[in-house]
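Each of the two complexes below includes subunit A, the first together with subunit B, the second together with subunit C.
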Partner chain A sequence: MSKKFFSLLILMTLVVSLLPATAGAAPPAQAGGTTYTIQKDDWLSKLADKEYGDPLAFPAIVYYNNKKATEDPAFTLIEDPNLIEVGWTVYLPSPEEANAYLLGSIPAGAYNEAPMLAEMVAAGTLPPVDERLPDDPLIEPVDAEIGQYGGTIRRGFLGPSDHNNYTRVVYDALVRFSPTGGEVVPHIAAGWSSNEDFTEWTVRLRPGAKWSDGAPFTADDIMFWYNDILLNEELIASIPVWMQNADGSTVKVEKLGDYAVKWTYAEPNTAFLLELANKDGADRSILNLAFVPAHYVKQFHPSYVDAAELDAKVAAAGFDTWAELFAVEAMPHLSGKRPSMAAWAPDGTSVSDPVFTIKRNPYYIGVDPAGNQLPYVDEVRFTFFADSEALNLAAVAGEIDMQGRHIKMSNYPVFIENAEQGGYRVVLWPTFGGSDAVVMFNQTWTGPEVEMFQNKDFRIAMSYAIDRNAIRELVFLGLGELRQGVPAPFSPYYPGDEWAFKYTQHDPDLANQILDGVIPNKGADGFRTLPDGSPLDIEIGVVPEQFVAWDDVGQLIVEDWAKVGVKAHVELRERTLHFAMRPANELQVEIWNEDTTGFPFTGQPKFDPRSDPALCFAPLVRIWYQTNGAEGVEPTPVIKQIVDIIDEAKVSARGRQIELAQELFRIWADNVFEIGTVGLTPSVQGVVVVNANLRNVPAVAGNDWPLRTPGDTRPEQFFYAQ
Partner chain B sequence: MLQYIIKRLLLLPLLLFIFSVFSFVIIQAPPGDFVTAYIAELATSGSSMDQAQIDALRQLYGLDQPMHIQYLKWIGRILRGDMGVSLDWQRPITQLIGERLLLTVALGAFTFGFTWVVAIPIGILSATRQYSFLDYFFTVFNYFGVATPTFMTALVLMWLAFSYFGISVTGLFSPEYVDAPWTWGRVLDLLKHLWLPAVILGLDGTARLARVMRANLLDELKKPYMEMARAKGLSEFRLVLKYPVRLALNPLVSTIGWYLPLLFSGSVIVATVMNLPTIGPMLLRALTSQDMFLAGSIILVYCCLAIIGTLLSDILLVWLDPRIRMEAS
Partner chain C sequence: MTVSPDSPVMAPTPDDKRPLPTNGEVAVSLAGLVEDAEAIYVAPNWKLVWWRFKRHRLALISGVVLIAVTIVALFPEFFSTQDPNQTSATKSFIPVQAVHFFDEGRLRPYVYGVQGQRNPASLRMEWQIDEATRIPVRFFAKGYEYELLGFIPTNIHFLGVASPEAEEAIHLLGTDRLGRDQWSRLMHGSQVSLSIGLVAVFMSIFFGILLGGISGYFGGLADLVIQRLIEILQSLPPIPIWMALTAAMPRDWSVQQVYFAITVILSLIGWTTLGREVRGRFLALREEDFVVAAQLAGCSQMRVIFRHMVPTFTSHIIATSTLAIPVMIINETFLSFLGLGLRPPAISWGVLLQEAQNLQSIVLAPWLLLPGLAVIITVLALNILGDGLRDAADPYA
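Entry: the complex of A and B
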């Protein structure tokens, strides 16, 4: 009897502990809701319309009903809002409740937190959630539904130089790009404002926001970055471009109060927010910061600690200079101990460890629309793989929960085949525009071939000669569209179909016809020769083993070009060598991708000859700009026009920026300095393996490095269905 | 003998100095430096750096200084007993090597043990039963082992394990033990994972060793002393093991010292393919990313072990075969 009783007790305990830890209880359970039995022809949005005058209010019914259903079995749990059955008893919230839910205005004292944190609060080791959150927390929309707490997201990374794997998951910046990449939205910063002519930008912070160790986050954390990192010559050799005025002087940053900081530029700057959205410690570079936990990093800075004490710390860490130590301690993922503002903070491990774990930040500033503090998932675990193929194999075996990085598009069929067995699904996030394999002609090449590269008709003919469909079928598994390197149709910068598809039809006859006008002579081998009689053999530089098999693209293009009498060959090189040759003007033609069209006025756009690294567009023009015309090659009028457009856009208002961008891409496509082939494929970190139980991972997302994908999709609102 | 050993040991520092200069220069020989390699790596994930960032990195890592200064900085730290900080990992090199040393040596030792335990009996069997079915069988098997690159064997086995058992056999630990402290459970887990790479790595060596053993033994078996011993009535088993096998081992023992550096670095390609947390893949990474301090340090230790290994071989040989003697001083 007693044995049986105990078994029963254990069983019951088990059942209870297995019950979903619902994340409910956010808006106050004000009375006033009604109990309702589902009738024939009822559906939720109809009920919502009837009760609250808004058919879109149905998620409020789902939310309050499900909350009630876990307390009271008389109510039926709505698992799928699209599926309700006659006779179900549901709870309809009061209009006030529904309104509070929809507005996301969560009354103080109504926040909910993860069970693991609630335990710590109960034990007295952590302040209550209301004290941990800022006065006005960031209310983050969820992709599909309010989630549940718990679980681990397992990812793979390739060692310390894969630090951006972390950067992309946490996307720890003052402001962020939205999931589709269309706009900048508040994050750690509550908001911003600028003056009329965009020379002054004021960033507002959240009073009460705290670092992951509980210390307050204030304007001083930004001022420390400005005064003690940016302006410290031992740390930063030259001021990054975004913090420079046109005359080379440094942009002024000042504190307006504990929760407001003002940037003052000498000229109008409309790229400010785009820049700020990428100041998240990316590339593990202290130049990519805009705030640091001053209270923590002070202990590694000579302005705040005694020299002997600092020397001892530097020596203990094995470094030679304090700058080396500081560069590590200023980054959470290198230090392991440095407090963070992200949803998860390192547990003491770093990207140099075989397993790098980031754990729930109890002070994270964000909540979901129901008032549950984010993140839902307890921790993210990055496991080291020495080789990306081993990582892919682990993903096929279902040992990775959410990852597009290092997942190879060429393995896509294998992933699909094993999805069910591995317990995952595959989401495709195409590139953010451009073209995923482009052929770039060097406009300042010093060999005799340059005569052809600079000839627009020649380039047009070479574009017509390419059979893009074959490339799409053979290299891109039939995915994507045939296009030039211009923005995606959903981008405001899209110049129109006429330009996106210009010169992209496969027409060898037309190509031959054009070439007969430009380069009519042929040698004994049947290939066209240069006007001076010397043979033409174009060398296409390619780095193999990148995310796209560009070497295969190259071989296909060599064959296509041979058919119109132009000889070319592919030269495979090791990546570092290729990257050393490019700025040295040693590449004739190269194949890479055009992935910068979404952000033509920030970062290093590939059509701006001044960018580095970019492609071999015009390396000597870059030197000309660098030396103010003293060395290098003067740009042609068209290249100059491109540069002028970019410079004007950097100081223009949004409307004018869009006009300029469209103009820029019309010129770019028309001149075919680079030949686009296939674009909008999921080739760049776009084949995303997602655990079958992981929810709120959007089906559609902007996928690009500036968006920090998947950071832009808000991984803190991913959750495991239990 | 002792004098000889001391002489050889005294040469060690000079050799190491020469090696250190050579390895440092050769690692730096490819165009570009660590920062170039780093930028190239970042570019493949879509990110890019402006000139300010590049300058800052070169300044931070001291790459803007001339090569001899960089060398002196590095060698100075080695002389002081620490190997400096890896550019890539941003951590002390001694720590990085230390973390991987145990697993590397364990894998090397297992492979070595497997190779010898399997190869010697096969070699003896093949030689004493020359042209029998077993000899042919092992010959074919051995050629197969020599001819197939080990990484290929690894890939095939990994795929088979995945497609038939649904498991990925990469790594040396199950996920729950990767960063766990050492316990019996972890040791058992390690053994569960260690045998497969050890066998894969051992196949190649086993094949070679068995062939050499067979050839050596065949030479010995034809010698007159064998007839003599048989005539005296020594049992065949004792006879073979006691005299020809011992002699046939000599050439093998003379190469045993080469295993010492191998124990340290382990296999590079197989370990990379199978995702083993050993020193080999770290060396490969260091070379491709031009992290010259880390690569140089590993190569230096490797050279040092090679020299010591050769010395050990010589000493072993003398011990094993009394006929070999140093020229009398």
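Entry: the complex of A and C
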């Protein structure tokens, strides 16, 4: 299964590109198309970008080429747009042709809608579908087939703290990651462009797009976010990094018109789209917004309402400050009433309710290639479960229609054996982050053990001592690859096999040999002692009951290390406590996963010591950077090198970014600050239980938090076969 | 009050040929009773209790069961077949293996070998009994090394494979998800679970007698304060209190610290009932003539309490505490089951059950729930024994 999966993903990644479209790149218009021979490193979206200034125009090439190929055998038929080969002769349509194809794929006035909406239109309570859709609706590709309307997707959630369950399903952002995670595609925004040096980014909106209550979505909704949320100190104490220039000043955002907004950075920013693709209210944090329904949230903002009136609202809602009330009302899933741009909007319930339902948004901007307004499914219902075991049991009983979150990989055999009875199928979406269980050594630990943690040879020996195959068999059901925490082989950032598998063979003798050079003394109990004679007992901090049985991984590693004379023990802690101990530099060693290698320069990569939340890599170095060297611990040259690479990549063009990322992961794997064990398994939200009748759920998908899986797979186009 | 010789109720003379008014059986038992009565008259208290207790068959059987459990709890390593923490990548979820005692009519115990492989579709480890392989099993076999009672190094185990060098192993109760031997884990778990119960009860008894004694013997302000304290403690619902106390335990405590803290927490609530009982006894006894006599004879207060008063209700304390042990065991189990008590890598019955409380175990490896049976048997046995002891505690009743 994995071979096929990898080759598919490699293909998909090959044809997609993160290269942002630069405005004005299109050549002068020609009357007819051109004949072109495929060169090395070509892919269709790249050609489309070069020819028409839009990588998403590649279906036009396929269409016209294949039309031509049926008439003229000189042209090669493109059967799969993801697979082209060097030497093929293809027909590239003229920009006019391409434009005509793209615009004309759905004739105006031919949109269809769900029966429930048609009834409302007939009753006069809702405008007709052509008026509800934007002038240029988002045409969402379907995974396999054009769907049918109706049905409910039932999911389970674990209460208010499980708010991201909603966030992942709706993936309500201006731009989105594509299903494989390989590229950024337009969503609410119609498109974007940047200047030559990537300092100015213009985001184009869709004229006629509307919020779920029918109010128009315009540049003002982004400007409200900028002026009244981001720049309001009561709401946001410190500007998030993606909206900061290098000197700490805030990035400028201006309205160019009703449907265009420009971001201006002081330095080149090649990560802009990746950041924008995650500004969807994730983690129920207003820091993760980039647009809000201004007409709705104004009523909770002191700049727009009378102080006394606002105080009354705050008191009525039981809050102390307007900022608290605003933070709730700015999020659809917390408010229940706030209009949304997503395919489904809350029906008045919120994540605090035992049953949280989101219903079809009659104004959703997307249609399928046949012109049917999405979503196909009427509603998504989240039912509260007190614990994940109960949720898994419900899934086995067939009471969950589409869910990977909280589905435990260890239950996979149970799911498979009951699939027919429960009326579901199981789809595996392995994560590509790197390693699903890593051991991170704290480089700034304050105890005497740090001498060992900072010793590269010690870390190498500890890596050799681990029997990764046992971990794979016992914890990961024999799935996955024994590897370090570096990107997947199909990622452009992959540093190569040599580095991915460095120090991963199980060799206790070699480990002993290295350790005898580093920490030769042993105590009466046979365990190695620190050079000063004090005993070494490494504490491995683990949070049980997470996605992976990291506590079991910890037990296995403790045994492996004991065999080479290094004493360690697992300390299980509750999640909140563990998360508080990390930044406080109270963890010696911890086990978590390495899931950030796919996105090394955005978000909070775990190998960037400045990230928070991240693992206990070097918490005091983070403080050093935060305080500009006033407090904390100065980074070692290697750590400094990592930081420099990340900083350079953030302002580099794509090609250089890839080089830098590979360099970064070579350093990362070579230094084993973090010992990787088993990776590329579906353990983190990758065992997906899908109703047997639910279609268009892709068999292969990128699975990662930045992709908001399953949001990246376009849940709008899931449908029930009737 | 003279009785005339011709009185009709004159006792029969030895040569009187008249039959006894009742049948012979009664006569025999009456004769026995006379002997018994004599024995009873001279028997010490413990003997009376024993005679009474013996008549409670079920309690007697429970006692035997408990002795067995206690022996296991004292020497868990001896009864283990494998190191309870030893994992094996190739041995997860092996089902229960039955021991066959007779091989071709001769007492030569063996188990069949098992062969397993991962089902490529469901990824489940599937085990088949391989009747071609017979793994001989021996009593007092050599196995992994350990220290009996913590100081006698040995490698003799009650049961084991004949040739452990050959990588053979038996799994009487199967293995868990990490390939650890469930039987050996159960053995080790019984040590922790039983000892927590015992230690907690002993601490309860200590607090109960001390505070109950003070309260009952001295009365007055001390009595008032202690009784109100007991009332407050008893008025609090125990489960939320335990949960709150265990949740408040610093999570960075080591396994040993948690173990000790749990016993203290359990006994903190547990002593109140006994305290009440002891106080009542003291109140009743302190006015008794023999106590007054002891006081008048110039005995110290300690002597009066421990030499004269406490022995009169020792049997009651024993009975009460026997009934308290199973409660403590259950409490430990459910706290650990809820993830609030002991945590892995500690092994207790509660921890074993907690590890089995997931879909995977219930559906695919039901043998992992067997520690529940151990809890049931032990708790039942303790309850029946306690019942028997309570009946027997007052032999004159």
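Worth pointing out:
Just so we're on the same page, the second predicted complex is superposed on the first by the 618 of 722 C-alpha atoms of A that agree within 3 Å, B and C clash if a C-alpha of one lies under 4 Å from a C-alpha of the other, contacts with A are read in each partner's own complex, and residues count from 1 in each chain.
The rule is short, and it goes like this: a contact is a pair of C-beta atoms (placed from the backbone, for glycine too) under 8 Å apart; a residue touches a chain by one contact, two chains touch by 3 or more.
In this text the structure is predicted, and so the values were computed from the model without any measurement.
Within the superposed three-chain model, A:559 lies in touch with subunit C and out of touch with subunit B [touch as defined at top]. Look at A:161: by the touch rule set out above, it reaches subunit B but stays clear of subunit C.
In the overlay built on the shared chain, the residue A:477 is in contact with subunit C alone; subunit B does not reach it. Contacts of A:405 after superposition: subunit B is touched, whereas subunit C is not reached. Shared-chain residue A:393: touches subunit B and subunit C both. When the two structures are aligned on the shared chain, A:467 is found in touch with subunit C, with no touch to subunit B.
By the touch criterion defined above, A:576 reaches subunit B but does not reach subunit C.
Shared contact residues of subunit A with subunit B and subunit C: 389, 393, 396, 574, 577. Looking at the complex, you find that subunit B touches subunit A at residues 30-32, 36-53, 55-57, 59-62, 73, 82, 84-85, 88-92, 95-96, 158, 162, 166-168, 170, 175, 178-179, 271-277, 281, 285, 288-290. Residue ranges of subunit C in contact with subunit A, taken from their complex: 85-90, 92, 118-119, 121-124, 177-179, 251-252, 339, 343-345, 357-360, 363-364.
Residue ranges on subunit A touching subunit C, taken from their complex, read 389, 392-393, 396, 408, 410-414, 416-417, 467, 469-470, 473-474, 477-479, 544, 549, 551-552, 555-556, 558-559, 569-574, 577.
Remark: subunit A residues 154, 159-161, 164, 235-241, 282-283, 285-288, 317-321, 323-324, 327-328, 334, 349, 352-355, 357, 383-387, 389-391, 393-394, 396-397, 399, 405, 421, 546-547, 574-581, 595, 603-604, 611-614, 684-685, 704-705 touch subunit B in the complex.
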